[in-house]
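Paired with chain B in one complex and with chain C in the other, chain A is shared by the two complexes that follow.
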Partner chain A sequence: MEAMSSFNSLFNSMQQEAKDIFAAQGWPNKRNEDWHYTDLSARLPASFQNQPLELSEDVPLENLTCGVDDATQLTFINGLLSDVEDLPEGLTIDALIAHPELVKQSDDDMTDPLLYSNLAHLETGIVIDVTGVIDRPLEIHFHNTAAEEASFVRIIFRLAAGASLTLLESHSGWGHTQLVSDIYQAEDSMLRHLRLHQAEDTQVSLLLNRVSLDAQAHYHNVAVSLSGGLGRLETRVTFNAPGSHAGLATALLSGGKQHIDVTTRLNHLSPDTTSDTVARTILDDEACGIFQGKVIVHEDAQRVEATQKSDALMLSTEAMMNVKPELEIYADDVACAHGSAIGEIDHEALFFLRSRGIGETAARVMLVEGFIAEILGRLDDFAAGATLQENLSKRVETYLKKSA
Partner chain B sequence: MSALLEIKNLHVSVGETEILKGLNLSISAGEVHAIMGPNGSGKSTLSYVLAGRDGYEITQGDILLNGVSLAEMNPEDRAIAGLFLAFQYPLEIPGVTNMTFLKTSVNAVRRGRGEDEMDAASFLRFVRDKAKALRLDDDMLKRPLNVGFSGGEKKRNEILQMSVLEPTMAILDETDSGLDIDALKTVAEGVSAMRDAQRGMLVITHYQRLLDYIKPDIVHILAGGQIVKTGSPELALELEKSGYADYIGEVVA
Partner chain C sequence: MSQAKETIEKETVDKVQSLAGEKYKYGFSTDIDSEKAPKGLNEDIIRFISAKKEEPEWLLEWRLDAFERWLTMSEPDWAMVNYPQIDYQDLYYYSAPKSMDDRPESLDEVDPELLRTYEKLGIPLFEQEVLAGVKNRVAVDAVFDSVSVATTFKEELAAAGVIFCSFSEAVKDHPDLVKKYLGTVVPKSDNYFTALNSAVFSDGSFVYIPPNTRCPMELSTYFRINEPNTGQFERTLLIADKGSYVSYLEGCTAPMRDENQLHAAVVELVALEDAEIKYSTVQNWYPGDEEGRGGIYNFVTKRGDCRENNAKISWTQVETGSAVTWKYPSCILRGDNTVGEFYSIAIGNNHQQIDSGTKMIHLGKNTSSRIISKGISAGKSSNAYRGQVSVHRKADKARNFTQCDSLLIGDTCSAHTVPYIETKNPSAILEHEATTSKISDDQLFYCQQRGLDAEEAVSLIVNGFCKDVLQHLPMEFAVEAQKLVGISLEGSVG
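After this line comes the complex of A and B, so read on.
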């Protein structure tokens, strides 16, 4: 009882601090270098009034989740955890409020706009512990029911030594979503993480992923965005011990006036660590895409291998792509590479396909699908990987045919 | 009987440059014609304009397939109408497997011709048989289209596409270039197997070797954007000895 109230006062004082900073600084904006391309001050209201949860009608979510039947489902509606299925053995969920030390650890940098604005408005915080090898994927779905609704959620994942999980994270609906996921992976643990972003074209989504890897821990992220609106998909990984590896693969399809920002920051603290980042961005209409990829290799981190590649396919002359690679390398025995390319549909390839009877629209769709096939291919090793690939291919196809 | 493919006084420009300058050619069903000619004479240009590639402008003349003009038809409709071009330089398409491509192509053409689409299982059987005859193994069907294929594999893959699409008029643009002796034989057998009374073929080549296997009915020489000589298969043998010197002169003059 006493512990709880002291926690509450700790939490309250931290949240008050976050609110004060938010009141002074507001949403992430251009004053911060990391937000040069994505200024939210004009996109979000000055504040959100958190609504109490009211679900009068069933929200049909079938087409919005990742569509894996045997996944364990957790559903957040407007930022509140509305539905928890039976959890498999080796997986437990607890309220963040019971773990004061984790909040302090999580909010280590109050100057970070994603952290203070999340904490200032926080509605739900949970801690997910994974202690074994979990075969069933865990899906966490986030849905906002209306434009004036917002979700502010913090999730802390802790994977014990040797634990493994396939995590499916999906986002849909309207309004504003702000998720901070902190992932702590002990040695030899494996997390496969699919992030499916398919919100309506008015949604603003700020999704931050912070991953901390111990020895031999592997983190594989595949992010697919088929959204309208504004999205920032940010991933930060810290490599604490040898043998840790992160693979980040992103496929973005944007059209209309969408603004989609992929930001990665890979912090190689330890020697003998590896990372591999690949982003494929497809921009149509007046969409704006951003890839900011930073790799930091610390002085003692010898024999690090880090590759980073960003390719964009422009389907319209009014679309815009910004690429900002940053390599900060302080060790001498490393292999780091960055490559980026911005191109258009290959007209010779298009003619080749058409000369085989494939209509122009179908041929274009085929080339665009081919452009991101490598990203979806990385789902091979995920639990239910074949189903995920099939579902995502279908959605990509539907998306492309609709916009063709 | 009217010709299967009738090319009449065809003038084609790419940008400002006229490349085909009044080309006439007529191929009847069941016939195999060969076109030989020096580099840059317009052979690939002819094949592209037949297939409907953008940027090749017909300024005069016409192309008729079964009496229907192709001039205003888009590439996919020409394929449906029965035209097929085996490319001199087949394209690589990352991320699209050969199998997916073949299936999409065959079903698009079948739909266009008012035939039923093939289901996955029967298509697999159908393609495997054809691929085997061309010594293309299953692995080549699973890989992305032409990506990392050797020159010879790409050419055999072109013939595979021809054999699954069953065109009425096939144009082969230097399908023999880059093939080793065995592959040349395999390809020639694949092509010969498709020779029948309903089908016309136009074989573009620089070498007699291919024509030894695919015995053409008629041989043409294309130089300077025109057919400058038409004759029997012996014409090809003659060229092998004396080159194009005699014919190039005629056009320049």
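After this line comes the complex of A and C, so read on.
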């Protein structure tokens, strides 16, 4: 008990520090190079009413989750963990407050706006330990019930050596969601991570994913975003030992006045590590898409292979796309490449389909589906991969038909 | 095979290190009396420079305004370069060769000391006339420190209506043109270094090509930094009027010095309707010694404005010198159907740091741009490509192709690629490709199999890597550029 209270005071002092920094620095503006295209200071309120809303009744979440029946469900409503089902063997959940060392480790950089703002307002923090091979997917759903609601959550995942998990993370609702996920993967572990973002068009989502990989650890991320207001999906991966690999695939479908920013930072510290990043962005209406990818190959990290590809399809004259794929290489025996292409729907392909009797709308939907098929295809290896692919394809189709 | 590979790698690395033995060929300095203003920068110095050059009141005002703005600005720190803090009050801002008063009428009258310097530099004033024949002569507006002292072929150019003179002469003889175009492409407060340059620029070149004129020869300026502690602040203004064409060459060498030298030049190009400007640079200023001591700081702002329809501006650069390079030749594609091109080879060795690239700003309809950048890093150098392609809302059917490749030689150097691609128009087609790698083992093996030794093979491959850019240099420059690639790198690997 004494240890707990001493931890509490440690936590409180760290949180106070974060609050002070937030009060002084606030949200980053575009003078901050990492936020050049997403000026938060101009878009977000300087402070939040941080009282979780009381719920009078159950919130219907059908069609908002990933729709896998046998998944273990964890649900955060307005930033609070609402129910915990029976957990499969090899999976345990604990309160973050019981792990002082993790908070300390996790907040090593207080100059990072996503970290200090998250800690300053933190409502719920949990630690999820995975010690074995888990067959059932774990779904964590985040939902805000009102526009004035702001939720701040931190989750720390620890995958033991040889552990394996399919994680389904989904976001829906209104308001402001800020999630920091720290993922520590020991050797030979495997995490398959689907992130489905399907929020209302006023929602602000700032999602930061930090992954640390040991030898032979593999991290596979598939992110699919269907609508939402202001979104920043940031993934940072650190490759600490040989054989580690990260695959990041993102499909963004955006319209309205949506502003969606995908930022990746891959830190290859160790030799013989590999990564591949693919982002496909579809922009309609007045949407603004951003892809900022950065691959850093450190000294002595020889034989690193890293590829980065960002393609964007512009469907409207009001849309806007900004791309910044960076390479920062300090080792010589590497093969790193990035490619980027931006354009509109290929008129010849459209003509081909139409000349075969397919209506214009249907033809456009087909072409757009084809554009992101590769991303959904990466769900093949996921637990319940076929169901996920089917569900997502359907939602993509519904989304496209609606916007067409 | 793996053993062979190790041998090659080791040899390559050794050779790179032995580049230290490849001393800077142009490391000499000439003692010529020069007249200079005291160290430091304030309004009085600016008035001194302006008075010295007998400038009109408006230009002095322009300089003072730039200086005022400069005082409020801070040095940019976003580039991937590190250098000690520059004390701007510890520099000389004006120095002119003394023989200025009795300006020579012809080359025969030029200070023989100067001519000897040019000879060492390899500026072939006479030689080229003989070798290339009269029709293909190159006019040289040689800049020695800050003031032009020799200009040739003026008459022939004048017959064609081409104005090619030093900037100070242009201010005296063609004030209307200067006033009309100065600062319209690169505003004086565009950035820290342009504001500094606008305040203290000493001299430079001025070119005006009249309408429907094809400039009868390649125009060429050789820059030369000579006086210790003299920042060189060149200002080049080139205007190609409607339907004209000009090819402009710029090459630089500098004597070996221990102290770092600052160079903040501004180049402005204006291409009016149907005009075409080809601007080529070979830059081999002193890069510092193998320990990274000395060397030029090269902070240059170059920008071309395709102001009217169908204009074209093409930049070609071979950057092998300077300790620190900060340079982004850009094109503003304002008119419809305008074209911008950027071909670059940037070679870094020892402790050189290069942060270079381009900006292509698409404003008009049917504009197209092409960027080919080849970066080679050896020794402990750092080489960054930083480029921006921006398509504005009304730039229908804009087209861009960008390719930036980096080659790494040795494991202590680094290569970075920082492209910014921004579009607000769906009809734009933008493509970007970048690769970073070392020389492929397959290619090496292929060459060796055919009887080349490892180093010859490496040299051949490096040459091939640069070829896309080298072939865009004018003939007169291609030879020098190839030689330079040799001095900078081939000696180290081949």
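Rule of thumb we're sticking to: the second predicted complex is superposed on the first by the 401 of 404 C-alpha atoms of A that agree within 3 Å, B and C clash if a C-alpha of one lies under 4 Å from a C-alpha of the other, contacts with A are read in each partner's own complex, and residues count from 1 in each chain.
Methods note: a residue touches a chain if its C-beta (ideal position, glycine included) is under 8 Å from a C-beta of that chain, and two chains touch if they have at least 3 such contacts.
Keep in mind that this is a model prediction, so the values were computed, not measured.
Peer 1: Report clash or fit for the pair chain B and chain C bound to chain A in the combined superposed model.
Peer 2: Superposition check on chain A shows chain B and chain C fit without a clash.
Peer 1: Once both structures are overlaid, what angle do chain B and chain C make about chain A, taking C-alpha centres and a multiple of 10 degrees?
Peer 2: Taking the centre of chain A as apex, the angle works out to 80 degrees.
Peer 1: With both complexes superposed on chain A, which partner does A:156 reach: first (chain B), second (chain C), both or neither?
Peer 2: Neither partner.
Peer 1: Should A:343 be classified as contacting the first partner (chain B), the second (chain C), both, or neither?
Peer 2: After superposition on chain A, A:343 lies in contact with chain C alone.
Peer 1: Of the partners chain B and chain C, which touch A:330 in the superposed model: first, second, both, neither?
Peer 2: second
Peer 1: If we overlay the two complexes on their shared chain A, which of chain B and chain C does A:356 touch? Say first, second, both or neither.
Peer 2: A:356 contacts chain B only, not chain C.
Peer 1: Would you check which partner chain A:215 touches, where first means chain B only, second means chain C only, and both and neither mean what they say?
Peer 2: Once the two structures are laid over each other on A, A:215 reaches no partner at all.
Peer 1: Tell me the contact category for A:371 with respect to chain B and chain C: first, second, both or neither.
Peer 2: A:371: touches chain B, not chain C.
Peer 1: Looking at chain B versus chain C in the superposed three-chain picture, what is their shortest Cα distance in Å?
Peer 2: 17
Peer 1: If we count contacts the way the header does, which residues on chain A are in touch with chain C in the complex?
Peer 2: 33, 299-300, 302, 314-317, 319-344
Peer 1: How about chain C: which of its residues touch chain A in the complex?
Peer 2: Interface residues on chain C, with respect to chain A: 78, 393, 406, 408-438.
Peer 1: Please give the residue numbers of chain B that touch chain A in the complex, ascending.
Peer 2: 51-54, 74-76, 78-80, 84-85, 87, 90-96, 101, 104-106, 108-109, 112, 144, 161, 165
Peer 1: Taking the complex as given, what residues does chain A use to touch chain B?
Peer 2: 346-349, 351-360, 362-363, 366-367, 369-374
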